[in-house]
Amino acid sequence: MSNNEGLNGDVLLDVNNVSLSFGGVKALEDVSFDVREKEIRAIIGPNGAGKSSMLNVINGFYHPQEGEITYKGNTRKQMRPHDAAAQGIARTFQNIALFKGMTTLDNIMTGRNLKMHANLFLAALHIGPARREETEHRAYVEHVIDFLEIQAIRKTVVGKLPYGLQKRVELGRALAAEPDLLLLDEPMAGMNSEEKEDMCRFILDVNDEFGTTIVLIEHDMGVVMDISDRVVVLDYGRKIADGSPDAVRTNKEVVDAYLGVAHD
Amino acid sequence: MLYREAGQFKTSYGADQAMFPIVQDRWFLAGLIAIAYLVVPFVASEYWLQAVLIPFLVFSMAAIGLNLLLGYAGQLSLGTGAFMAVGAYSTYKLATAFPDLNIIVVFLLAGVITAGVGLIFGTPSLRIKGFYLAVATLAAQFFLSWMFNKVPWFYNYNPSGTITMPPRTVFGVMVTGPAATAEARYIIALLLVTLLALAAKNIVRSHIGRSWMAIRDMDIAAEIIGFRPMQTKLTAFAVSSFYCGVAGAMTLALYLGSVETEAFDINVSFQVLFMVIIGGLGSMLGSFLGAAFIILVPVFLTNAPQLFGISMATDLQKHLEIMIFGSLIVYFLIVEPHGFARLWQIAKEKLRVWPFPY
Amino acid sequence: MEILHAFFVAPFVDMWEFPVFLVEVVIAGLLTGVMYSLVALGFVLIFKASGVFNFSQGVMVLFAALTLVGLIEHGVPIWLALILTMLVMIALAFAVERVVLRPMVNQEPIIMFMATIGITFFLEGLGETLWGSNVKRLDIGIPSESFEFHGVLLNQFDLYAAGIGAALVAGLAIFFHKTPVGRALRAVADDHQAAMSVGIPLKTIWIIVWSVAGIVAMVAGIMWGAKSGVQFSLSLIALKALPVLILGGFTSVPGAIIGGLIIGVGEKVAEIYWGPLVGGAIENWFAYVLALVFLLFRPQGLFGERIIERV
């Protein structure tokens, strides 16, 4: 459990009656839930349930046909991804969306993008404000690199890194943006148990040290039960349960749809 | 042994971010620049200056321009020739309309005008990618070529349709026009190239460069983490066109002296594209290496047969040239898509551990 | 005011007052369009099957025509020359697959596109070396007299070209949609790895496709060559095919046809009616600008598939 159980603050994100379809396919149907500040919220459910689509809606990448999102008190039907980013939402992707041609350092530096106000001419001359800004942001990025223990691969081109490390770099890039809301899409996918432990530790630390609110999609039930404060369960685009991990684990619908029963 | 980083520790982020962190690299480059400025003008023959060095500088500039757009920002353009033409014709109009304007200022203004044109023809990139964008740039190529040919205002109503650079001086030395010596033109070209290449390198390792590479590598993810695709792509087009425009200005003023529209046709666009591919996409060094290669191969083919005592008909030479280019492109794309620049990097890495194998 | 009139009113008045001439211009445009379509067809085939945009299609048209002419000039009877040329094109397909495609299986599309540009230049140089670079006459016995039809002047050759083009297209359409090989081709176009994993022999498919494209190139080469002589501007046609593909969508056979016709007619009409106002040679850029305008409003072309990006 995260350390913030029971102490969660106001609602940071409120999803209301969101419906999303692609052509004839209904990805999400009338889904509503909220996320409180500083909590770790898990979204679980079988494949195709609409979990990634939900993140994409929060993020502004998909625009729902119905429903609205209230974030930090502002209600909106849809927003553009870079507006979401500007408002403090950062995310990682199921299939790793790193910039494969750049080094780890450069990738994480791109996370600082919105805080940099580069001026073309000053950058061309590499003097004054441009130079100082570059160095300042480098300092913060190094902080993130230390936090994630990836110093050794700083200058390696990301395309050459093993899967587990790439996932960590992607987390670093999201963290570099100093987000208020961090969306993690299957951060543990494809990892062995050691790597998973490390990743869990990082997620908990992020929540603890930086106070970042986290929404994560995850299939590993052990992880979900361990680290999340509350859980939302989706099935075929609809919400079928919402509550604490224990409550959800024993919910009959959830068990039927997804968890299955332990056979003694 | 000779070339290694051991013992070179950086004590600040600034030092680590320096352009050439390895000391040996810095000395090498300094030496090269010194030779270029101080030795070459006195030692090189007229032929070498006119047929090799000056065009090398001109095309390096153009290759840098295209590399910024294609290698770093990932936007394919087949309109390089047309943008060079814009630079050349702008230079002509500015120089003839404002005879007192300093020639370096004229070059830079020509670049700015080309950047503006580049912005216009780059707007389709906001909606289209890849080959589709290439077609849009072809529209620019053919339309602009046609325009400079048909609208007499551009060549000051001159009946022959060619434009000739009027003579201009810098610090009292004649640098353009028939009286300018090859050495003088070479120095001005070298000056432009060193300064603008430096600026390009700075831009590329700055945040702007990162935004270009992000859009190139994965534009959807880039947008999701907050990059603005429109601004990024348009900036790439503008800056790239600036460089191509200056290259065009240099072609007119420092290389050929006078120019008709055919000098900037689709073949030039392909030539510069080859330079960038063979030299190395996404590499400043690659732009130079590619330009050098494309310029030297014809020179070699013209002169080599005599060295071996065989004579070859000129059109056979031309055909062979084209065949060699074609096969080299295929070869490089198969073996080393990152071109000469990558081969150079690999060589340097081997050198770092020399005399050990690894 | 006068300029506005000259641009926006006079040409239409012209068209209205001399409808027969307009019809002739449109027909001439349609027939040029058929030629463009034939070339574009080669592109679509290869793109559909291998996802590679084969810039060298244009030069293949030229190469095929050159080979044919070269053989005929050496006294080979026409029917034999046709067969030999076809074999040459198939051999070329083998060579390209072996030397270029196979080592580049996993590269990104833009790299493969540039590789085909390399092939283009290589073949151009090779063709010029083997057969020389003067313009050649190609005559394979298709009648070319003009005649009148309801007051409109038509040309027999152009009609034959249109007919052959139509037959070729129909044949290809059947091939793609009714035969197992065609189905395999479509599978490969969709996803190389998936196709391989169900046992479709990628290599063989590519050879088939490039051979078919080569034959299409040969037909196009014959048509163009017989009409305007075999010369190097033929390879510039590859560039003209690009706007056709934009209009029609890169993966659609009917799209290539219709796109070609639209470009052909558009170009001709623009040149005849608006050309004189601006000094002529509109044909140089009209197709591209039209494609550009199209791209801004409908990036996938008339018939292409909409791309849905998933993250």
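By written order: A, B and C. Residues from 1 in each chain.
Here is the rule we use: a contact is a pair of C-beta atoms (placed from the backbone, for glycine too) under 8 Å apart; a residue touches a chain by one contact, two chains touch by 3 or more.
This is a predicted model, so every value here is computed, not measured.
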| Central chain (distance from its CA mean to the mean of all protein CA atoms) | B
| message | By mean C-alpha position, what chain is farthest away from chain B? | response | A
| query | How many angstrom between the C-alpha centroids of chain B and chain A? | reply | 42
| chain A-chain C separation of Cα centroids, rounded to whole Å | 48
| query | Where the centres are mean C-alpha positions, what is the separation of chain B from chain C, in Å? | reply | 33
| field | Per-residue multi-chain contacts in chain C, two or more chains | value | 311
| request: Pull out every residue in chain A that's touching 2 or more other chains. | output: 61, 93, 97
| field | Residues within chain B bordering two or more other chains | value | 220-221, 224
| message | Quick check: in the complex, which residue numbers of chain B touch chain A? | response | 12-14, 17, 199-200, 202-203, 206-208, 210-211, 213-214, 216-218, 220-228, 235, 239, 282
| remark: Residue set of chain A touching chain B in the complex reads 59-61, 80-82, 84-86, 90-91, 93, 97-102, 106, 109-111, 113-114, 116, 118, 120, 123-126, 130-131, 133-135, 138-139, 142, 173-174, 177
| Hey, which residues of chain C end up touching chain B in the complex? | 53, 99-100, 103-104, 107, 109-115, 117-126, 128-129, 133, 239, 242-243, 246, 250, 278-282, 284-285, 288-289, 291-292, 295-296, 299, 309, 311
| query | Within the complex, which stretch of chain B touches chain C? | reply | 76, 124, 127-128, 130-132, 134-136, 138-139, 141-143, 145-146, 149-150, 220-221, 224, 266, 270, 273, 277, 315-316, 319-330, 333-334, 337
